[in-house]
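This report concerns only the one structure given below.
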Amino acid sequence: EKVHLAVASNFTGPAKQLAETFQRTSGHKAVLSFGSTGKLYAQIIHGAPFDIFLAADAERPSRLVFDGLALEESLFTYAVGRLALYSPTLRTSTALRNKLESGDFQRLAIANPKTAPYGLAAEELLGNLKINTKGKLVFGENIAQTYQFVASGNADLGLVAAAQLKASDSAGWMVPETLHAPIRQQAVLLNRGKDNPAARAFLAFLRSDPAGKMIRSFGYGLGEG
Amino acid sequence: MNFLSAKLKGRLQDFTLDAAFEIPASGITALFGPSGCGKTTILRCLAGLERLDGYVRLKDDVWQDQGYFRPPHKRAIGYVFQEASLFPHMTVKQNLSYGMANPDKVHLHETADLLGVRELLDRIPDRLSGGERQRVAIGRALLSKPDILLMDEPLSALDRAAKTAIIPYLERLHAGLSIPVLYVSHDHSEVERLADHMLVMDKGRVISNGPLDEMLTDCSLPLASSREATSILEAEITGFDDKNVISLLTVKGATLQVPGALGPVNSRCRLRIAASDVSLASTHPSQTTILNVLPARILAVHDLGNAQFNILCALGDEDGGRILARISRLSLARFGFETGQDIFVQIKGVSMV
Amino acid sequence: MNFLSAKLKGRLQDFTLDAAFEIPASGITALFGPSGCGKTTILRCLAGLERLDGYVRLKDDVWQDQGYFRPPHKRAIGYVFQEASLFPHMTVKQNLSYGMANPDKVHLHETADLLGVRELLDRIPDRLSGGERQRVAIGRALLSKPDILLMDEPLSALDRAAKTAIIPYLERLHAGLSIPVLYVSHDHSEVERLADHMLVMDKGRVISNGPLDEMLTDCSLPLASSREATSILEAEITGFDDKNVISLLTVKGATLQVPGALGPVNSRCRLRIAASDVSLASTHPSQTTILNVLPARILAVHDLGNAQFNILCALGDEDGGRILARISRLSLARFGFETGQDIFVQIKGVSMV
Amino acid sequence: MWETIRITLQLAAVTTIILLVLGTPLAWWLARSSAWWKEAVAALVALPLVLPPTVLGFYLLIAMSPSSPLGQLAISLTGQSLPFTFAGLVIGSVFYSLPFVVQPIRNAFEAIGERPLEVAATLRASPWKRFFTIALPLARPGFLTGAVLGFAHTVGEFGVVLMIGGNIPGETKVLSIAIYDHVEALEYDQAHLISAGMLVFAFLVILAMMVLEKKLRRGPAHGGRS
Amino acid sequence: MWETIRITLQLAAVTTIILLVLGTPLAWWLARSSAWWKEAVAALVALPLVLPPTVLGFYLLIAMSPSSPLGQLAISLTGQSLPFTFAGLVIGSVFYSLPFVVQPIRNAFEAIGERPLEVAATLRASPWKRFFTIALPLARPGFLTGAVLGFAHTVGEFGVVLMIGGNIPGETKVLSIAIYDHVEALEYDQAHLISAGMLVFAFLVILAMMVLEKKLRRGPAHGGRS
């Protein structure tokens, strides 16, 4: 059997690895389509042939349930995203944090709060730290773009996903979870996948310990259940 | 019998065309008139490229009438445009065969030879001289086997030698296939040589229309008073003087001697006599190299207003062939020619057309 | 004194040009030759639009030489192209004034009047007739005040009336401003009327080059044997017969009578006499309307091979003006004309050019 | 990977062909009609350009969704709805790239002028023959430009494809999306590699087309006299 | 909102003007040169099309970063690096839309042919005068097409702008991104509203340009005889 997953782009790396293991152990086939959460949502409500949606937030999956396109009982948090402050030139957490709090920077890259959960979290963090960023913010369409702004040296600081630093072996300041609401990335089983055994199997696999380990290894936290 | 009859009326900006005319079923009809008088416009209307009010009928076929208009590609015309207008993306050969229903290589090569473009068959139009382009355009129109040919100054870019090669071809064409030709030309000698009929235009109107010989000697038309005024006589070859290489040609009212072997005895031909080549004498002159000194009667004397006169004569008596003579006021005064008088015409130059 | 001298050699695909020639400082030089012989190519080389090997010199100015090539816009030429080639996005007026250094309305209007395009000044070229386009192109070249005019069959799309209006303008132009003109034409009468010099081409080579009168009567050239063979005489108006409206014209060796008032006494003009208008008599003929019967001496007898002969005569004695007569073998046999003989020439038609 | 390359080339080729087939009559009509509203149609054709591709894709998605009239039609005809299929991608790409094809061809048709077509008509060429033997060959530079822009644009097209294609491997995932995915996933090495490959390939294809066209053309731009 | 509209129009206008200024000599050279490598240049110009805009933006971001030679140059000249500025946006858009402007203009230049320029040369027009009085006016349809495609494409341009602009309100946030944001944020009503407004506005602008051009042109397509 074949399961078709719509995966939020920030989860691209882990999803690929998860799918590989899943295919090996279950004998089912997992097909992955990546996109931003908003785009995937729009596609799903217009008939996209996905069985499972791995979103970057909790809002879209709930809306799908509300729209009657997904099964409420299948909702769960498969990963918790964390913000990290990143600059290619600064290696230590303290240096990074000091720079942010002193306001001594030209450009701070964050994801667009309107479209990306990481952006919302970043905004919350900046509010909590009371940092004046007037005229200094640049917005990435999503968290990957935000990372590129910083990595290319065009922004001196950026609030990116902890998972990205892990993936690129970079150092950064892991923002404490107290400074922003956790980014709960939820998965949901779509109507289309209701009777697909492979879909049920994948969701079960996603909740399994080996999967959790894998997700953690990419820098995500795990949900409460 | 009229082959084509048309009545066209309409405006192009400041220009108004208002012409009604007929074209006979065979022969070449010259369309004559000053620049900008509407000649091209008439051809375009006949071809269906321009639509003015009126009708165009070809034999029992209607091409245009109140509310009906046949598109150009359904009219069996051949049109040689005023500018050669070859297809720039095709070779000469492709241009020539474009309008051929079933491309016939022999026929194409024949035509190309005749027009002197055989060597150019693989050239593109961009690399031809002006005259070469025009010749290809003529060939292209001819090869489409039209029922009527519309030719807008087709020979204007050609030298005499090329013309001399092409004109007999056109003549043969119209003699053999007897398709009518409407032929725009400014060249008097071309018209005399080729045309059987003539349509004279001015300012968008057809001011005169008839057989060539009548039109040429009609003193009310501008043609007879122009410098090139000529008469045309239909003749029969009635003898040949081997020793002196002189042909005897009989026209109405006289027999003329013309140097050269003009054709087989008993065949017919057309003679052209320039008014300025004709002089008059009251008595028979002797000791002159002028071959043809013939009795004639004066039909009319016409003052051209510039110290010159046109004298219209008939060879023999009133019914003879008409000949126009151009003489000076001085001569007229000295000899006192008047209508009805019997005189001698001396014809210096006779040429076969 | 030569104004322009050029030597050009090169190939265009199958065609090879290899021409060396000179053009005098004033007057019109006719460029004559069959279609495809290279006339347009020569004009293009002179204008700098085509680059072949060789040189082009204008007075003491070098336009082209080994390793040097002056671009077209730095050569003070006026070029009338074989196809009118007006700028399609400009009105007639804008076309006319394009090459004017300082647009002068009066001058522009004058020229437009002369060319009969005054009414068309605000039209776009798309809406002109063929002849109208050509006239605008002539005006445009003239208005750019060139040092030399290159004209590629500029009058070929024009009727006689339009030509008659334009030719005197060109004459005045060359008389008044004395800029040299290189004039491609197929029209014999145009050339006789306009040209002072002549350059005869064939197959890419200049085969003959000289003053018009010599070229016309040179029996070794194709011109003298063509149907339109003519002689040109330079004449002085020496009297006028008021009553008969006859002008007296003195040429070398004779005085001619020509109908009409040709100009003020003592002025000079050019006469054109068609070879076919000239007949010979061994004794003085009487009782003929031919005005001009003049004593002359035969210089040469030339067999044209078609039962016709060219007789080159000098008026009066050997030094007189040269006149070509076209007579038949029959006449020659009857009167037995031979070189050196004194005879009478009867000139039927004399026209001022 | 090969799947993706195949789909990309197939999409670009099919789209370009459809664009030429649809664009040609449209361009012809725009070039020759004297309807007063034709410039409005011309402006309409150019309009999809103004929307960001993803947004355009979003509207196309809505227009083609199974509940829309168009979607219903597609389902009743093919048993399948259009989005997330190759056919849907083609429709989206055609829609988006249409102006790049129509405009150059229209200009080329207009540049021909009346005369050659008139001449052909007097040689008894029917409107079809005139179109195919005169108008098409004389408008060739416009077709080349239209094809190159249309092809290249479809290869690089991304927003529309992503939106209505759904990035499904083996079905609607094309190279442009693959590169994008790699960039998003910070897999820059792969992104660089595919990008470079695409650029080289596209360069060679476009160059070959242009040189071929030049060969076919009637001689050098210089020295002509017509 | 008004800020965003202003920036969008300003970006499209500035980009179109620069494209015409840069594209014209390039198109002229491509139309007239006989260099053997000119088709390679032509292919190069079309190349940016092949990359997805966001990917192209990514490479532009790298190319313009402060540590790159280009970035250093920009900083030493203006004291500022290019990304996230209006100037940077303009550069990216110019780069991306260049082929849409160059190709139509090149075709138009080629369609003129030799003759009118030769005639002008014999009337003592210098190469400059020939270019401005003959080539430019005769190539007008190509310029119109280039301008419309360039303008519309810049208005709808999004991937490149997003990448090197940084979506800064009042500085680099343009309408296309605003719509996109609304779509992503599920604010479909606002997205519909802005889209509709943009479409109507663009339709009117393009229509006006085309009608104006037609008015200026030398009469109707039909009935000409030249």
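Labels for the chains are A, B, C, D and E, by order of writing; each one numbers its residues from 1.
Here is the rule we go by: a contact is a pair of C-beta atoms (placed from the backbone, for glycine too) under 8 Å apart; a residue touches a chain by one contact, two chains touch by 3 or more.
Going by UniProt, the chains are B, C = Molybdate transport system ATP-binding protein; D, E = Molybdenum transport system permease.
Quick caveat: nothing in here was measured; it's all calculated off a predicted structure.
Fewest steps needed to get from subunit C to subunit E, stepping only to touching chains, is 1.
With centres computed as the average of Cα coordinates, no chain lies farther from subunit E than B.
If you average the CA atoms of subunit A and of subunit E, the two centres end up 37 Å from each other. Remark: subunit A and subunit B have CA centroids separated by 92 Å (rounded to whole angstrom). Per-chain Cα centroids separate subunit D from subunit E by 19 Å. For subunit D, residues touching at least two other chains, in rising order: 54, 58, 115, 183, 223-226.
Looking at subunit B, residues 40, 127 sit in touch with two or more other chains. Residue numbers of subunit A whose C-beta contacts span two or more other chains: 39, 42, 145, 148.
If you check the complex, the residues on subunit E that touch subunit C are 115-116, 118-127, 130, 133-134, 137-138, 218-219, 224-226. Every residue of subunit D that touches subunit E in the complex is listed here, in rising order: 31-32, 34, 39-40, 42-44, 46-56, 58-59, 99-100, 103-104, 106-108, 110-111, 113-115, 141-142, 145, 148-149, 152-153, 155-159, 176-177, 179-180, 183, 191, 195, 198-199, 202-203, 206-207, 210-211, 214, 220-226.
By the touch rule above, subunit D contacts subunit A in their complex via residues 54, 58, 61-62, 64-66, 71, 81, 83-84, 162-163, 166-170, 173, 181, 183-186. Taken together, the subunit C residues at the contact with subunit B in this complex read 12-14, 33-36, 39-40, 82-83, 116, 119, 123, 127, 129-132, 135, 152-153, 156-162, 186-188, 226-228, 241, 244-246, 257, 259-261, 276-277, 279-283, 285-291, 306-308, 327-331, 333, 335, 346, 348-349, 351.
Touching subunit D in their complex are the following residues of subunit B: 47-49, 71-74, 76-79, 81, 85, 87-89, 98-99, 101, 124-127, 140-141, 144.
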